[in-house]
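Chains here go by letter, A, B, C, D, E and F, matching the order in which they are written, and residues are numbered from 1 within each.
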Amino acid sequence: MQKNVLLELKSEKVLTNLKDSVRTDGRKLDEYRKISIEKGIYQNAEGSAKVTLGDTEVIAGVKLLPGKPYPDSPNEGTISVGTELIPLASPFFESGPPSTDSIELSRVVDRGIRESKAVDFKKLCITEGELVFIGFVDIYAINFDGNLFDASAIAAIAALDQAKIPKIEDEKTVKDEFSGKLKLERKPILSTFAKIGNFLVLDPDLLEETAMQARFSVATTEDNFVSAFQKGLPGSIKKEDVDSAIDTAFKAAKEIRKML
Amino acid sequence: MQKNVLLELKSEKVLTNLKDSVRTDGRKLDEYRKISIEKGIYQNAEGSAKVTLGDTEVIAGVKLLPGKPYPDSPNEGTISVGTELIPLASPFFESGPPSTDSIELSRVVDRGIRESKAVDFKKLCITEGELVFIGFVDIYAINFDGNLFDASAIAAIAALDQAKIPKIEDEKTVKDEFSGKLKLERKPILSTFAKIGNFLVLDPDLLEETAMQARFSVATTEDNFVSAFQKGLPGSIKKEDVDSAIDTAFKAAKEIRKML
Amino acid sequence: MQKNVLLELKSEKVLTNLKDSVRTDGRKLDEYRKISIEKGIYQNAEGSAKVTLGDTEVIAGVKLLPGKPYPDSPNEGTISVGTELIPLASPFFESGPPSTDSIELSRVVDRGIRESKAVDFKKLCITEGELVFIGFVDIYAINFDGNLFDASAIAAIAALDQAKIPKIEDEKTVKDEFSGKLKLERKPILSTFAKIGNFLVLDPDLLEETAMQARFSVATTEDNFVSAFQKGLPGSIKKEDVDSAIDTAFKAAKEIRKML
Amino acid sequence: MTKEEKKVYVNKKGLRLDGRKIDELRPLTIKAGVLKNAKGSCYLTWGQNKVLVSVQGPREVLPKHHSDPLKAIVKFNYRMAAFSVPDRKNPKPGRRDIEISKVCGEALEKAIMLEKFPNTQIEVWAQVLDSNAGSRVAVLTAASVALADAGIPMKDLVTAVAVGRAGGKIILDLNKEEEDAPDAVDMPIALMTSAKEIVLLQMDGLFSKTEWDEAYELAAKALEQIKEKQVQALKEQFLQESMETETKEKIKAEVQ
Amino acid sequence: MTKEEKKVYVNKKGLRLDGRKIDELRPLTIKAGVLKNAKGSCYLTWGQNKVLVSVQGPREVLPKHHSDPLKAIVKFNYRMAAFSVPDRKNPKPGRRDIEISKVCGEALEKAIMLEKFPNTQIEVWAQVLDSNAGSRVAVLTAASVALADAGIPMKDLVTAVAVGRAGGKIILDLNKEEEDAPDAVDMPIALMTSAKEIVLLQMDGLFSKTEWDEAYELAAKALEQIKEKQVQALKEQFLQESMETETKEKIKAEVQ
Amino acid sequence: MTKEEKKVYVNKKGLRLDGRKIDELRPLTIKAGVLKNAKGSCYLTWGQNKVLVSVQGPREVLPKHHSDPLKAIVKFNYRMAAFSVPDRKNPKPGRRDIEISKVCGEALEKAIMLEKFPNTQIEVWAQVLDSNAGSRVAVLTAASVALADAGIPMKDLVTAVAVGRAGGKIILDLNKEEEDAPDAVDMPIALMTSAKEIVLLQMDGLFSKTEWDEAYELAAKALEQIKEKQVQALKEQFLQESMETETKEKIKAEVQ
């Protein structure tokens, strides 16, 4: 990603404002921007969703394709998450192979679904040891104004939650026929915080991201589990930051989960 | 491709000459350069041909390899065309992965064969649903003096037309044994024009290509079909250009087809 | 690889010293630096070895994985050698895809094992025509002070010689169980010489490599065969150089083979 | 295959498999100015096709020696989302993506007043989100709107459509089912309609010269309709922008 | 699977499958200054894990426009040898390698006084030679030692460990068998222990908030032990370097 | 395999499977100056092998920092056409192509007066169009002619051949069938014959020292013959060029 010099200059005010207890856009420290979720928007995708988080917009699509299971889990399908930070979303995104940033993002979204057991991989089995579904979740940022982590994770969950399972005959997908829906076992919600000075702010926008020293993400589930942590960037956080992030995340996730 | 500055300077005269009804090398607007076609020149290739078009020289070779058919056409083989603009052919060609120019060229030659049904893909079937031939057509420019499109397309047709079909035993090719020849159903000939000012000239040489605003190619068949169009480069053409190109192409193709 | 300017300056003295019959580090022309070989050092590798040659250090590991045999040798496994010149070993090595230097090195080590029939590929067969072992030999330079060829070749032989053969059930490897050891049929030892002026010196260190015009490697076996030649770099050698290199190599190899 | 051949692509009433007439477009909507971070943008839906196009620049070319001292260069990127096709599309651009990017970029170059911006580059990103035959004409039509939305001076809009043949009839705007007809011919064409300049033309199949004439006429008429929709989208966007500015001014006035 | 679920990860005596106590580390050895050609280096073994880390730089950034005029940049390369895992690792770095390199590099940046070396880059190469759960905390712990061995000024060492859950118990320093437990949670964490600043924290699984608290405490205590080993390794290396210098001086003196 | 082992590679009359004598080359033709756009070129056929080599340069090195201020650098590209082998060759250069390019380029460097062209590069493109054992010695022999045709000053031509063993006999210029003998050894060698300087030497197999001696002698003799053909090709090309120039001059004179 190229540098946005203008933004860097503006970002110097973010911390000053926080010391006066004001976020640049007027939000409280533990407040998300306006969220909206649209589902089932593309016909070629088995599941799809568009998530807007303030001016950040992200699209996710799911394809369920038959494939071979791993030898050590013959009765389980799997998922594969890819994110692309395409130049549509920002004059500072470049075309080309996935950047380090988009690889971290993909992997955090992937693990967030996989390790929280949001998808029952056994439900993706077609014929034990022979054929399973692989759920490809592809995520495209279309407008970037900060916090792609939460927007992407929510879009992925929303797209998976209503994905149709293709009907299979002779090991091949039957066009436009479905055997049911993929229902999620759990809907983990990722909540990302920016550490700016000594402040921890939820759902940073681009300006706040430019000012942050560290990024910290917490995923929480409806059955009261913390299902993921990911700390990023060169700054440090404290035990207390994590504790308070967890509490805020549980509260925020409850609201978002209702919108799914 | 690097820039050939000298050629660019010279090319400024091309249009001036055309206004005086003269092509730089004395040809008429609808006249090809001297064409020659040599066939069956390499032993490791199932089919091969060398085409010279004035000073432009191109080599094509065909390998027929057993492979799996596509699930939606279990009794059909297929073809795959690749072109390489290697530094042999011009000090301005560079080694490395296929350039945008060579990708367009490959795809135009590929579609020209495929969509005109020049090859009956069913004749490439070995065992329905199991094994078919894939015809790899690889084309190398060895001397570049303009109009690689027509030289490559003719070389591909010539190489395919006399390709030997390997004998197959136990799903494998038997060395140096053949079950027959691949006869083409149709021999589409590609004819390419340069739009220079308001003039449309057939078979542009390198100097004319340097002067052209648009490139337009028409393929025609012996049974009176137009089987392909491809307009390239930033300039525009008119309906009348297309009409006249079609007429010229039919006439020119008839002569070239005799040489195959 | 970037240039080491300091070393280039120092290297000018190498030839001057040789004319006074002195190698910079005091060795005789046909003398190896101190060699040590450690074997069986990593648990995840089926075989492994670390070779030090003066300050040059190289690690090799072997993985034996089940795979399909080549159609033309259904009852034979095979090997595949890769070398990586990682930045651990020298501030002048760069990360990235294999360099030309490392490709030549890999191929010389690979052929040295393959063509001397050091490994009986038939012993790598699991089920004829179905399943064989592929022996992946991966070599990492960890400290570079010249003559990676001999260090790598010796490390590969040492790692292969004591490699355990995994037990196979249902076409899959059984974790931590082995059916025996891969015993080598032959232990070819590669001996590499630097041509500096009219001198031929065995086992050049980095300083001598910087001064050499040509590199020449000879592999010899315990049953009195010369099993490989590889001449590299722009300089030339003479018939007499090859003759004398062969004699020296046989003597040196005998000593090294004892250490395996 | 025999089943396919028995399909009636145009019935006795002159209606096609999806109920359209021979010269009828699939539903087409165009909206300009949809992306906040792009200099210009356009969201276009055309039947099942859904495409999003952004324009950035003119801006400096990097590395510099790729720039042209006489004019701007155009970088057109056609990309299909992995989920935008029945099977999954590999995210890495393939040969088809590269060719489409090339011919669409070239089609736009003729229309843009490139000489006004020497040493710069104009970047068009065309993302297909859902598809069903005709995505290249969809993105090209949308790109032209996005360029205008970005305020880049153009001689004329570029307007594109596909015509072709299925079941022996020349028809407008083929869908996937029609493209799969045994005798199908598909011909994407783009014009600057004012002077009838053809800036994109591709065709593969077996066409008689008469069919070419017929197809061209069918396309030319449809392009007028489509251009109207492009212009309408730009007008709406212009209106909205003006209103937003006005509202802001008002608010400012009231505050003071 | 049923067999797996019956495994007792911590028995009645409080001992784990490999005989360790809940808060017991696998054997850990650290040696600094092991590579002649590196500015700094460290060889670390931790249970079956064996890692080798080198540091080069600070040196000029190429190409120059990637450099930062205010500080040094850190390039961290985490790589697994092809033979360091039960299956063969493809030598080309994959997405996992790239993510680990990113988070480990970022974890070190906070500790290094980067502003002392503007326009330069510090390169860390972390090569895993053998592995069994916990290789990222092994290389990060080693990298910190290699940086100090290279004489690069740091605010504090970075010290890393993994904690997690297996069989319902919060345990320290999971091995592969424990990581494969059906209820396994793995949480790598790195601190600058002096000020208890968390510079790396990752976790995936299903943890209650209480478990997080417990895991953090377990990690924090272990990190003190590990840091002592880091310091010890650096002291030994310092001692040896001094002795070598002294010996050299002596020899010189004697010769003269 | 048992069948293979029974093959008689050299029969009682001293003749090989293809009827050649032990010291007999396959038919060899060399033609210089065959490509209009190349500075120098050569088309060479050697048995079934057919290779085309072009030379460009000396010309500026890009990027500049790759150039050598003391001499020209040589870029040798060995490439096999996809259809030049029994199976299809993947067009992407593989490890074999890269190694052959390296050793052939190095073999030529010794012969070229590189110091006459500092800061430049000489590019050799060696395209194999058909092959049957011995393509590397074919391209190297042809490259040397192409360099001379390009007017690049050389100390001596580089001349190459392969010798080896099949069925227990040392033979010249092995074909594929001989290379596949169970006891086959293949040894490509290139000399600057005037001073008997070995510039390329590779061998793999099991050779006794006596066999090496014998093989070297066989090669050395053959190289004299091959060099004669190289020289002959250059003379013919020189003659033709002179004639063309003369003809042009004549025509010019007549016209004036």
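Points worth noting:
By our rule, contacts are C-beta pairs under 8 Å (C-beta built on N, C-alpha and C of every residue); 3 or more make two chains touch, one makes a residue touch a chain.
Quantities reported herein were computed from a predicted structural model and do not represent experimental measurements.
Common neighbours of chain C and chain E, by the contact definition above: there are none. Path length between chain B and chain D in the chain contact graph, taken as the least number of steps between touching chains: 1.
Of all chains, the one whose CA centroid is most distant from that of chain D is C.
Farthest chain from chain B (centres taken as the mean of C-alpha atoms): E. Distance from the chain A centre to the chain F centre is 58 Å, each centre being the mean of its Cα atoms.
Averaged C-alpha coordinates put the centre of chain E at 53 Å from the centre of chain F. For the pair chain A and chain D, the distance between mean C-alpha positions equals 31 Å. If you average the CA atoms of chain B and of chain C, the two centres end up 48 Å from each other. The set of chain C residues touching two or more other chains is empty. Contacts with at least two other chains are made by no residue of chain E. In terms of which chains touch, the assembly is arranged as a closed ring, every chain touching its two neighbours and no others.
Traversing the ring of touching chains from chain C and stepping first to chain E, the chains occur in the order C, E, A, D, B, F. For chain B in complex with chain F, the residues that touch the partner chain are 41-46, 48, 55, 59, 61-63, 65, 82, 84, 86-91, 95, 97, 136, 138, 140, 142-145, 175.
The residues of chain F lying in touch with chain B in their complex are 35-39, 41, 48, 50, 52, 54, 56, 59, 77, 79, 81-88, 91-92, 123, 125, 127, 129-132.
By the touch criterion stated above, chain E contacts chain A in their complex at residues 95-96, 98-99, 101-103, 106, 109-110, 187, 192, 196-209, 212, 216. Those residues of chain A that touch chain E in the shared complex are 98, 100, 103-104, 106-107, 111-112, 114-117, 216, 221, 224-239, 241-243, 246.
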